[in-house]
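Presented below are the structures under discussion, each in the form of structure tokens.
Shared between the two complexes below is chain A, which has chain B as its partner in the first and chain C in the second.
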Partner chain A sequence: MTTSRRTLILTTGALLAAPRLAAAQETPGVTATEIRIGSTNALSGPASTYSVITKCLTAMFQRLNDQGGVGGRKIAFIAYDDAYQPPRTLEQTRRLVEQDKVAFLFNQLGTPTNSAIHRYVNQRKVPHLFLATGADKWANPKEYPWTIGWQPSYRTEAQIYAKYILEQKPNAKIGLLYQNDDFGKDYLHGMKDVLGARFDAMVKTATNEATDPTIDSQIVSLQAAGCDTLVCGIIPRFAAQAIRKVHDLGWKPMMFMTNVSVSAGAVMQPAGPEKGVGLITSDYRKDQSDPAWANDPGMAEWRAFMAKYIADGDLSDNNYTYGYGAGSTMIQVLRQCGNDFSRENVMKQATNIAPMDIATLLPGVQVQTQPGNYNVIRQMQLQRWDGKSWVRFGKVIEGANT
Partner chain B sequence: MTRMDESLGPSGAAGGSRAWRATLLTLGIFAAVAPAFLLESFQLFQLTMAVIMALAVLGLNIVTGYNGQISLGHGAFFAVGAYVTAILMSHFDWSFWATLPVAALVCAAVGYGVGFPALRLGGLYLALTTFSLAVAVPQILKHKALEDWTGGVQGLFLVKPDPPFGLAVTPDQWMYLSVVAVAALCFWGTWNLVHSRIGRALMAIRDNPTAAQAMGMDISALKTKTFAASAMVTGIAGALSAVAIEFVAPDSFTFGVSITLFVGMVVGGVASILGSLFGGLFVLFVPNIAEAISKAAPGVIYGVILILFLFLLPGGFAGLLRQIAARLTRRRP
Partner chain C sequence: MNGLAHQIVAGIATGGIYAAVALAIVMIYQATHHVNFAQGEMATLSTFIAWSMINAGMPYWVAFFATVAVSFAIGVAIERLLMRPVQNAPELTHVGVFIGLLLIIGNATGWIFGYTTKSFPSPFHSDKPLAGGLISAHELGSTVVTLAVLLLVWAFFRFTRLGLAMRAAAYNPRSARLVGIRVGWMLALGWGLAAAIGAVAGMMVAPIVFLDPTMMLGILLYAFAGALLGGIDNPMGAVIGGFVVGVLENLAGAYVVGTELKLTVALAIIIGVLVVRPSGLFGRVVYSRV
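Right after this comes the complex of A and B.
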């Protein structure tokens, strides 16, 4: 008697569980009440200043859960430390996918770290969404359909400079100074994208190594070649040298500087703020220290979020505005999914975002994706150094990857 | 560093009966192979990495533990081994197994070269010199003269070998079994080395170089060859790691790797072969434990665990085993 009862209970249990098991296989990481999302970041090690991005995203999902979640489900956001070491990124990503069985991966930090898992996630067909890296290689839907970046790449930035140059000075003689690595070469590729066949006639290039003591000779040679426009894809230390050298030579080119090397404290002050007047760069985010955004509704939304969820956060740290932008994009994709959080549908929605505004991005800079175009942010606005601060000018410009 | 001289002279266990040794060996093989069929693929991958780290720690132990030459640069040999395998596999389509001996030889040659300055430098100076090697390697790998081979900052991708002869195991299981087989071979070889005449010479040089020389030992030849053997073992570990991860990049081989290996050696037990195995497990799993305790400051927790370990087990894990063994033998009538 007892045996048959036990059998009955077990059979009933198994029958009840079976559909759930089947459903779980179709949509890993998704239950009736929860969606599991995985991420890795440098929570320890030399790159750990970026760990605030994870803090920001965790708080954003907390806010979403407080508001009732999405599709009737709460978000469980699991972020592991990879210490910015590619082997550990693979280990932690496998833990997320195989052990924690997350639905998909979101905003993992770093170029070498994401490279280490690029093939793994694409073989397994796990959505690898909105990565925290500026490399150009993430927008490659043909070979890596499951990986998509977020921020504008250096290549997009260079395209924007080239477009502006063609508009202002169609017959410019352009000097391009870039660092001889992947970062620098993205500027070369971006200029070629826009100038095409005219590149060889219009552009004179010079390169530097990250280990060079100075770049004075490159600047002098570009001036001697008769360039009237100068585009620099170089790291902050050389940026300060370049600004000073150009000024000291009495050369007055239309000068562009990569937006990784335009910090007022680290570049403009050492170069001499008066020597950099007229220098042009670009941005896609609202600068929270800019008084222009004091009454901006988007930034007010961000400040309210910070006050409620990350009260101890440093408001001058722009990783929080970055994280807010990436998080908002992710939440939009989740909302678009309706009630189908399968990996196929998540990827489909992530690559079908209609142009949308984001609270912490500049007006006119929109987030958008199409199945054939994985460049999520394609626009930037130029800004010019006035001797004290960066002043935005002109309309937002779109890169050439459209 | 404490002087370990228990390995000098024939140990008691070696005198045990043949049947006893055969049983131990069978049990050992079983314990090494069983995880391949018991663990899930992710845990198996972790264990694979732990065995690889253990092998790298073993390499460091040969030169630092047994020969007393402090090296903070073994991450460099790890990187060289990984890159030799990666370059041969991705540029020349070599099979993984064929690259192993080449990686071993290249690393031995590099280690032999590094062994020469080591002759003139002792103690802390040698530690710094080898450390500079570890710092330099990622930059050398990025250099444009080598970029065509190393893939520069982007690194190189390779593919895990498939199980041969249609064996019914997954690539992860096959990888684990291959790594265990290679590691077992290296551990066995190292065991034989340190328990041989040469091994005793190495320890004699460590403990009293003057006396060793007076006994007629060729110190410079032995020291450079030790460096070569040590670099070779660590390089083989690097080669295995390249295939297990299927990716190499300069950022995977920062000087942090060298420090990790050093930590593994000290925690496991200096001049201990079994200790190296424990060291490998420690450096792979303890950071994850630290992170599970605190996501806000995993580095701090890791540091605390490390200090606790050194405080409670000053002789490393191997020291603990020796203590237990000493008590057991003392109680025996």
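Right after this comes the complex of A and C.
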């Protein structure tokens, strides 16, 4: 009985206190000394390799607080675990918004997870900033003005490949293999954005389901159709299969692979590193293992941060360079806010970032936003597999959504 | 046309995968008259066990047979510990246990070995590509292995007293018990053999589709379609069914319905067979007198 009585007292107390709190606090999540920011991430479960992003962001806000905070206030960063399960993301997000009363949400991880709260945060008009997902749907200011992504979308990536193909092989016959879902269709849309009316004549498409055992049949079809270029928007397991099959068939198309499926360990090694020579992908970050950045000031800044705040962090994990980039963007927005941390102003500043360089991004790749364009990063550089590692080539290319 | 021939050869290669898994489904059905939904997950777990042994430095074939033995033991243990207590419970209870097993084994595999895609070695190698790269030495080798397993299963049920006893225990447990067959152990043996065949299938499939905890998820559905098509109580039929599904799926995907509806072909086969000819192409029609 004691529990229920305690609950009752607490609930009553909370109910009585709530209206007074709201009255005393005009801007949710912001007091004279503190700004509360909420986030969710897969801190457990199959996607938990991404949990280091939260670790990185927490440390970055710690550094900001050590430097005196922003607008005279310290940042309280609250991150909950959703285990990459959309229903839990919704539950935790509601907890952040309704109980913790955060000022806004930042860098929540995952496409299905953010999809689950997309409507909720927009109905509530809570800024839903710089999400950790590459889907294109976050750049839709007309229908979802309170949501904005960060990294280049899969669609932007496909636009960049299409631009490069047109430049190198204006008469290419392109085979496009994509997964039949939101992720894969971004590649279809990106190719269409650039090729426009020529799409039907130039491109032969094939799709696969995430549950398909193999994609051999699709590869064989595209080869039989006479394609000399192949663009793949598929998950790592099928990426490895595609690289191997194309090689075994003796087919030598100019081949592009989505940059989420090019991990040296999880894709290139299983496929056979020698079979992927010449494969093209793209990146927007500096690869910390690349000797070209040994004396780079941006990377030196990142290394100093890691040494001081995350001494036990794995320096080869590129989630840390990702987190540093997203965190730097967030801090820039907070600085731009001045003394007004209302949700309206936070959103206004987040969508009015003048082009800026970020320590961990490639030279020429800039972060920028406009109220009508929510694609935060629009440029990438191509890179080619040489049998051992990825080698950057050419200049930075900008997508078509500009 | 060249493209057509290519699709058929690629289909036979994929069909070999379905045939191997279909054989495991038939095995458990022969022995227990149940279809085990966790069959695919059990096979994946076995493959990870083999992967660990090979990574620890064991020669391939030693790891292969050790895994088959371990899987057999796991299969027997599952029957003894989990299935036996619900032996006389209604069908729905069994389905519940199978789905529970699927979730538990699937997630445990991911928890222990991680979700990253891994490569799995193949014992079959060839210096030059076969049939213009359409079929790999491994795909050819694994088809031979599947056919060898088929031959063993067929001979086991046909020529050995144990095989006969297992069939009797599945078809008519009460009479079997009356003639002195230890029905409980026959069921456990059936589970063990099915798990062992599943392990072989897993190790043959993994070099083709790459190893991760969800490896078998899609394959099981196609294998089930193959097993039903050939007749779920006929090992030979299931293997032929597996190959037919592989080829049919490719041809339909490439020329008829498009790649978006490839998976639907497998589902259509399942429903079609159940409606038109529930016993499958090669299955026996069983009449029971009431």
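Methods note: the second predicted complex is superposed on the first by the 377 of 402 C-alpha atoms of A that agree within 3 Å, B and C clash if a C-alpha of one lies under 4 Å from a C-alpha of the other, contacts with A are read in each partner's own complex, and residues count from 1 in each chain.
Methods note: a residue touches a chain if its C-beta (ideal position, glycine included) is under 8 Å from a C-beta of that chain, and two chains touch if they have at least 3 such contacts.
Just so it is clear, the structure is predicted and the values come from calculations on it, not from any experiment.
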Fit or clash between chain C and chain B when superposed on chain A: clash
Which of chain B and chain C A:Ser221 touches, first, second, both or neither: second
Contacts of A:Thr211 with chain B and chain C, given as first, second, both or neither: both
Partner chain(s) touched by A:Ala240 [first = chain B, second = chain C, both, neither]: second
Touching partner for A:Gln99 - first (chain B), second (chain C), both, neither: first
First (chain B), second (chain C), both or neither touched by A:Asp182: first
Which of chain B and chain C A:Ser115 touches, first, second, both or neither: first
Contacts of A:Pro270 with chain B and chain C, given as first, second, both or neither: second
First (chain B), second (chain C), both or neither touched by A:Tyr84: first
Chain B versus chain C as contact partner of A:Thr33, first or second or both or neither: neither
Chain B and chain C contact sites that coincide on chain A, given as residue numbers: 180, 209, 211
Touch list for chain B against partner chain A, complex: 40-43, 45-46, 49, 139, 142, 144, 152-155, 157, 241, 245-247, 249-252, 254, 256, 287, 291, 295-299, 302
Chain A contact footprint on chain C (complex, rising order): 2-3, 6-7, 10-11, 13-14, 17-18, 110, 115-119, 129, 132-134, 136, 205, 208-210, 212, 217-219, 221-222, 249-250, 253-254, 258-260, 262-263
Touch list for chain A against partner chain C, complex: 46, 180, 206-214, 216-218, 220-221, 223-224, 236-237, 240-241, 245, 247-251, 265-267, 269-271
Touch list for chain A against partner chain B, complex: 43-45, 48, 79-81, 83-88, 90-91, 94-95, 97-99, 111-113, 115-116, 119-120, 180-182, 209, 211
